[in-house]
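So that you can tell them apart, the chains are marked A, B and C in the order they are listed, and the count of residues begins at 1 in each.
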Amino acid sequence: MSYQFDPSVIVKFFPLFLKGVWLTVEISFISILVGLVFGIAGAVARTSPVKILRFLGAAYVEIFRNTPLLIQIFIVYFGLPELGLKLSPYASGLTALILYVGAYNVEVIRAGLEAVPRGQKEAAMSLGLNGVQTFLHIILPQTVRISLPALGNNWVALVKNSSLVSVIGMEELTFITYDLNALTFRSFELFGTATVLYLVLIFLLINIQTFVEKRFAYKT
Amino acid sequence: MSKTEVMIEVRDIYKHFGKVKALDGVSADIHRAEVVVIIGPSGSGKSTFLRCLNHLERIDRGSIVIDGIHLTDSRTNVYKVREEAGMVFQHFNLFSHLTVLENITIAQIKVRKRTREEAERIGRELLERVGIRDKENNYPYQLSGGQQQRVAIARALAMQPKIMLFDEPTSALDPEMIGEVLDVMKQLAKEGMTMVVVSHEMGFAAEVADRVIFMADGKIVESGSPRGLFDNPKEERTRTFLSKVLK
Amino acid sequence: MFDTKVIADNFPYLLSGVKFTVALACLVILIGTFLGVILGLMQVSRSRLARYPANLIVEITRDTPLIMQMFFIFFGLPALGIKLGTFPSAAIAMSLFAAGNAAEIVRGAIDSLPLGQFDAAKSLGMNYVQMMVHIILPQALRRMIPPMMGLFTTLIKDTSLAAIIGAFELTRAAQEIIERTYRSLEIYLVAAALYFLICYPLSYYTRKVEQRRVAGV
């Protein structure tokens, strides 16, 4: 049986593809931002003098990095309702993605924290800044700058991982493609297009990362 | 020990890296058993010149003939030429996954096709000559800088090259280790090895060099006997450089 | 309310899924590493004929989601007349994915070596093959091990995606149990715990290897 390549399918459904791309971008963007907060919180916990915080931070990281994202999504979407917490596909998907990328961010930010020269804290303290001010205005900005390259890698991974929320019905790019394929069976054209779109997205993201790095990042 | 036979003949070589002209028309003759020291400011092209001699860099224009072999001829077996020219690097470049003895034998066995016994025999003799026979089973990271460089010299000598090229061999060493490496190089010179040395060690040049070449901006500015060049530099540029270096 | 009986009853079935998870992971790791080394070497080659195709394959497999690649293989190949089951489709897609990522690790390790090593090998008269086999690759190998181990852990987790195209492994086993019993939380938690039991020792060991390597050099 020979396959008839039919590019008109791509043209016909391109608006739908773009809808999917938009949702992918949206959930990735939100997850990156909120995931950063989780990463910072987790890193602070892991480097805290309080033993129980250190343990909780480590547990968070190890649990979410050593179990599949797919299972995490299922637990949030299918499992939590058993405890009375029923989240929409959108909220479930976001929650799972944020927790997942947050765990990877913790390790990156922790390394960044440790790379900030000790003298920075001492200088800030000697100027009269208290602990919170020192952290927010002096330590944290430098930490993020140092961590930018590795954080960028996490972000690229996140965009790829966002494809998994399609399994709970979120209509991002992968879901759209799968759906269209079930409708038309033009697998090559559809998955080929989706592949190109992801490549473009990732390419753009990498370039943004490089741009941000050049402007903000520096190496100690 | 005839000093008139030309081992290396360099004619009008040009080399650029992107927009930068590293070598801007350089010609030189280096004779058998001659020790030539090349001095000059950074960016003068002296390292590039050296690296062109064993084809680590390819020249854009001109010709280099080593012991009768044209480097730029496409039929030339570059690997054969490299066997005849030994190189010692500023940062030693010892192979970190091999012991000292293995560093010295690996090229002998794989390139010169010697047997392991013969390679090790030659290797041990050379380690003896450079004064670190007892370290043959150590790994490079266990040795001091000076020791590593001496191993590097032995490694290059093990191939029994016709010429030895030194690219700032002591620049990365702590001061107290420079002497031991220079001693090995002086001994080598005494034994009649043809040597081209890029270095800042003026004392070494004055003591051992037959000729000193001063390069700047990719060109040879001046060349002559050490005493001649150091005491009576003819060119303004040479004078400026020397005044800064020979305080 | 937490139903431990359903866990006890269905645990054996979950374990039968684990067998396939491990099998798939091992298969993919072996093929992927082998192909990845070849691709990685092609990427650092001087010949454009080798570099361009290798770079293309690596870019595509690394910069697109694995699930997309699985769909492509699972739905696309039948269109060409090649009919594969779910497990082989997953295996092929994951092997390509693994190869692309492994290639990047190989390339990174080789590129991280000081240029001086290449210079020294060349200056001693070694040709390209001798240089790579005796000097470059042995040193690159040490640098490859921690990231490769990280890749293995990732691949074990990614076998869960095979469930989406219907292949039988741990996640699929969990889904089947849930279809019968509706106890999503319990079963998925146990499945997560099983993945954790496999992956955590690997991550832990990877960290130890990394620390030892840093200390030794």
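Following the convention adopted for this analysis, contacts are C-beta pairs under 8 Å (C-beta built on N, C-alpha and C of every residue); 3 or more make two chains touch, one makes a residue touch a chain.
These numbers were taken from a predicted model, which means no experiment stands behind them.
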Most centrally placed chain, judged by C-alpha centres: C
Chain at maximum distance from subunit A, centres defined as averaged CA atoms: B
Distance between chain centroids, defined by C-alpha means - subunit A, subunit C (Å): 20
Distance from subunit B to subunit A - Cα centre to Cα centre, in angstrom: 53
Length of the line joining the C-alpha centres of subunit B and subunit C, rounded to whole Å: 46
Touching two or more other chains - residue numbers and ranges from subunit B: none
Subunit C partner contacts - residues on subunit B that touch it in the complex: 54, 56, 79-80, 82-83, 85-87, 89, 91-97, 106-107, 110-112, 141, 152, 155-156, 159
Residue numbers on subunit C that touch subunit A, as the complex places them: 1, 59-60, 63-68, 71-72, 75-76, 78-81, 153, 157-161, 163-164, 171, 174, 178, 183-185, 188-189, 191-192, 195-196, 199-200, 203
Touching residues (chain side subunit A, partner subunit C) in the complex: 1, 3, 62-63, 65-72, 74-75, 78-83, 156, 160-164, 166-167, 174, 177-178, 181, 185, 187-188, 191-192, 194-195, 198-199, 202-203
In the complex, subunit C residues that touch subunit B: 114, 116-117, 119-127, 130, 134-135, 138-139, 142, 217
